[in-house]
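Working notes, structure below.
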Amino acid sequence: MREFIQFTLGGISFGMVYAAIALSLVLIWRGTRILNYSQGAMAMLTTYIAFTVIGHTGSYWAGFAAALAAGLLLGAVIERTVIRPVENKPPLNAVVVTIGLLVFLEGLAGIIYGGQYRSFPPAFSITGLRAGSVALGVSRNDVFVAGAVLAAALGLALLFRYTSAGLRLRAAAFNAYAARLLGVRVGRVLTLGWALAGLIGALAGVLVSPATFLYPASMDSIFVLGFTAAVIGGLDSPVGAVVGGLILGVALNYIGGYLGSNLVPVFGLAALIVILMIRPSGLFSVSTSRQV
Amino acid sequence: MNRSHRVRTPAIVAAAAAVAMIAAGCGGSSSSSSSSSGAATASAPGITATQILIGSHQPLIGPAAPGYSEIAPAANAYFQYVNAHGGIYGRKIKYTYLDDGYDPSKTVSDVHQLILQDNVYAIFDGLGTPTHLAAVSFINSSKVPDVFVASGCDCWNDPSKYPDTFGWQLDYIREGKILGAYIKQHFADKKIGYFYQNDEFGQDGVKGLDYEIPHAQVVSRQTYVPTNVNVGPAVAALKASGAQVVVAFAIPAFNALFKLTSLKLGFNPTLVASNVGTDPITLGGLLEAYAKQGGAKVNGNQLTQGIITDGYLPTLGDTGNSWIALFKKIHDTYDAKAPFDGNVLYGEAVGYTFVQAMLKAGKNPTRADLVSALNHGLPQGPAVAPYAYSSSDHAGVTGAYIGVIKGGALVQQGPVYVTDTSPTGAVTAYTGSEQTAPATGMP
Amino acid sequence: MTLARHAGAAIAAAVVIWVLSVSLSSFRDYQIADIAVYVVAIAGLTVLIGLSGQISLGNGAFMAIGAYATALLQMHLDWPLWALFPASAAIAAVAGVAVGAAAARLHGPYLAGATLLLAVALPSFATQFPGVFGGDQGLAVSVTAPAALGAAFPLTRWLAWVNAGTALIVLVLLANLARSRIGRSWQAVRDDETAAALAGLNVARLRILAFIVSAACAGLAGSMLAVYSSQVSPGSFTVTLSIALVTGAVIGGLGSLAGALWGSLVIVLVPTYVTDVATSHGLSSTVAANIPIVAYGVVLIAVMLLFPDGIQGGLRRFFGLNPPAATGPHTRFNSLRRRQPASEHQEEGTT
């Protein structure tokens, strides 16, 4: 029983990171109908920036802030330069461009920082918390990870619902032509969407890198699972992204614990297929399914 | 001059080592029939009057690259030192290593290029078990010497199937036996848990452990795969089993993850780990961020303190050791950008061994001469235990000492132990002594 | 006659390859075999993506299935080469049915994602059942040149002949398929699924068929890979392989079989060349090994932004081979254009 609780709590920690990646993917999808395969690589690069800043200043929070700022900037720059030309083209073009971006960023990180694993500091202590004498299998840092992602999700929700920028984002995603007619600068809004996605991705990067170590390919498997979570939850739904991430993280932790580490990707695939068979647009999606 | 074949009892091993040391001191006589004094000639593919060309396949990018990518440049650094000091019988060593990204198909391609297009004299230090296994048949059917494979698989020791292939490092089964014997002796009443990589590296290590540790003592066996960094479930299972000592056959990243996850779960076993994953500098580097934590109770060095492991080369912390001094000097001159860690030490040591072998092969060696030279045994060099090289045994280092990591450096505890790979072969203390590094730095 | 024209081109190419294989070095023969593997895999993929409009990021997994099938059939049943190739293609095709059926309901990123996850998950099977699949170390495949060619016949030349010959046969078959009714039906489904269904085409069955064809090609390519590198192991079938296949298809020109050749040449020859150039300019080996990766990324982006029709499209334009009615690089892909929502409320989410 104690094992079960530990598996659950441990799964939540990784699950929150998957949720963050899923959230950033959903953000981009809703805005530009593009699936950003380089989301993980972008997060890796911003984490390297944080690593450099922490190395120079000695302050974790300076690095944390630098990563988030870099994420905003990177997302905006990428949208403006590389993504804008393919936004109205066939979806394959965007797939290829974002994969190209993924490869480019990983190679770049390899050249600038080298391939060796870097130790990235956690925000808070990783020593397990105890309830009396019982180890809970959760650390203060884990609580911070969960809290940070939930705060980001909440912040996004509030942004969408209660601010004019959020309204513009929703309008542009809903119907770009009509939004333009109503005076929304759709281009700027899309850039904002990518910037926010970059921010959330950067957050995911710094939160998970203590546990994965930092190297050019460190975000690859995190991205794959975050993307799986997004698809399971429904690419249209931010709620689905968070819930999907949590469910996936916990479920895969059970698999890893009871059946072995090797089977985790297999079960991820199985879960994806099963859920897409039942609901091809994901669990929480509300768009109508395709009719032929 | 023929060496006596190695027989596995300590006294004769020591005697042979003594003979080897004397012979090495005499400047290495050749046992090949084609040696001749006089001009250097192009006696084999890859050998010209001025150059020896050797090739290798290494993971320079990809998941296996961190750490391992330092080995080839370090070997090359030693070769550059040798080239600057007269070379091998006046020839310079040119070392070409191709990246295979740890992909066996690419390894096969690289090896074809090295042998068919570049015409290398020998394949040196091919890295990785699945990768080299893919290429070893082709190398042997091309009759190219395949020396000092960088892998601890005991599959390189197969003179009938792979007559041109020789291992170098301490293989994983022997290592498991040595660690297992230590555990049997010092932790006889404790519960043991295994944490190992789910491939031949971990499985061979566990095989060796099981030859020594009584089965009833092992309460849990957990594996991990390098593609999944979430070792939480495995560590939780080890904790639940009550293991008081955990033996790990893991790469540095996963030893570090084990330690960190154990902290989270409040699990504090004694950790005994394979040397593959315990280079104190690499491991310390991975845990470094935890030392910088303001206010946190964990500290990088604290996490590596007390880890029990083994070593078959002198420890980096032993700055008075003649080999460490020599290799550090060469590193600082030719490979200064890399940290002076276990991978660099490995690279230089295996480079030294190659030069030893080439000197023994003769002034104008054919490919067969190199193989024959190794079949007649090689002096110990920087390794702490003798090589097994003979015409019936192509395994490399046969033993190691047990060490403990203290203050970020490995400290030797007790003697060097030697053993074999059989289930019943004993683990015995080695009574021979280590060689000192030659003053010129060349064998 | 289309078949005659294609066969004639194939025979001409075969003669050229024979001349090359005899006059170039052993290592070049080996590279011919290497390139042929990618030609087959990329040709299947380019048909899937270019003709039928479905994106697969997981064809490396089908290559793995074909490769392991070959190794196991040879190990346990000792089948000869001419039986191993079609059998492996067939086994991979069966897997393609399963995946295609599951994928038929998925579109765009959902399909891409599912295939990506397939590519990630499949190698784990080899290590999960090491007794059958040989685990991390894989399985050996033994290949010898037939005795009829003489004892001194270089093995690499035999490998070049086998692989190149197989690739040419596959190209002829695919070219005929592309020009046939099925090929046109695929393009109809790609261009407008609704209209195609209204015209009486069985959309789901056609999509699955496309998957089967591309899986069979990938399986055959995997079989060729097993044969010429005389081994199979999970380390050769990572996601990197699947991405390399897509890269080759895009660079060569989507939907174009000649593009499969250009793409293969780029993937096999360019990275080593770039690394050599980088190392000879004094860059450290690790940096030099990363440069082809950066170059890959830049090329992918540049091709998509500037030359969406890839090398073949560029060649066509250069030689003036485009039919006068062609209006530009995106004609082929009108169908894959993002769909406008059928109803205004289709895309609104919950927040």
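In this document, chain identifiers A, B and C correspond to the written order of the chains, with residue numbering beginning at 1 in each.
By our rule, a residue touches a chain if its C-beta (ideal position, glycine included) is under 8 Å from a C-beta of that chain, and two chains touch if they have at least 3 such contacts.
None of the values given here were measured: they were computed from a predicted structure.
Asks: For the interfaces A-C and A-B, which has the higher count of C-beta pairs in contact?
Replies: A-C
Asks: Using C-alpha centroids, which chain lies at the maximum separation from chain C?
Replies: For chain C, the chain whose C-alpha mean is farthest off is B.
Asks: Suppose each chain is reduced to the average of its Cα coordinates; what separation in Å results between chain A and chain B?
Replies: Centre separation, chain A to chain B: 40 Å.
Asks: Could you put a whole-Å number on the gap between the CA centroids of chain A and chain C?
Replies: One centre to the other, that is 30 Å.
Asks: Among the residues of chain A, which ones contact at least 2 other chains?
Replies: Each of 110, 115, 221, 260, 262, 265 in chain A touches at least two other chains.
Asks: In chain B, which residues are in touch with two or more of the other chains?
Replies: 61, 65, 69, 198, 225
Asks: Give the residues of chain C touching no fewer than two other chains, as numbers and ranges.
Replies: 124, 127, 286, 290, 293
Asks: Which residues of chain A touch chain C once you look at their complex with the stated criterion?
Replies: 29-30, 33, 35, 82, 85-86, 88-93, 95-97, 99-108, 110-111, 114-115, 157, 160-161, 170, 173-175, 220-221, 224, 227-228, 231, 235-239, 260, 262-263, 265-266, 268-269, 272-273, 276-277, 280-281, 284-288, 290, 292
Asks: Give every residue of chain B touching chain C within the complex, in rising order.
Replies: Result: residues 60-61, 65, 69, 72-73, 97-99, 101-106, 108-109, 112-113, 116-117, 129-131, 133-134, 137-138, 198-200, 225, 337 of chain B touch chain C.
Asks: Taking the touch rule as given, give the residues of chain C at its contact with chain A in the complex, in rising order.
Replies: On the chain C side, the touching residues are 49, 55, 57, 102, 105-110, 112-114, 116-118, 120-121, 124-125, 127-128, 193-194, 197, 203, 239, 243, 246-247, 250, 254, 286-287, 290-301, 303-305, 308, 330, 333, 335-338, 341-344, 346-351.
Asks: Using the touch rule from the top, collect the residues of chain B that touch chain A in their complex.
Replies: Contacts found on chain B: 61-63, 65-67, 69, 198, 223-225, 227-234, 236-237, 240, 252-253, 256-257, 260, 263-267, 285-290, 292-298, 300.
Asks: Show which residues of chain A lie in contact with chain B when the two form their complex.
Replies: 2-3, 6-7, 10, 14, 58, 60, 110, 115-122, 124-128, 130, 135, 137-139, 142, 210-213, 215, 217, 221, 252-253, 256-258, 260-262, 264-265
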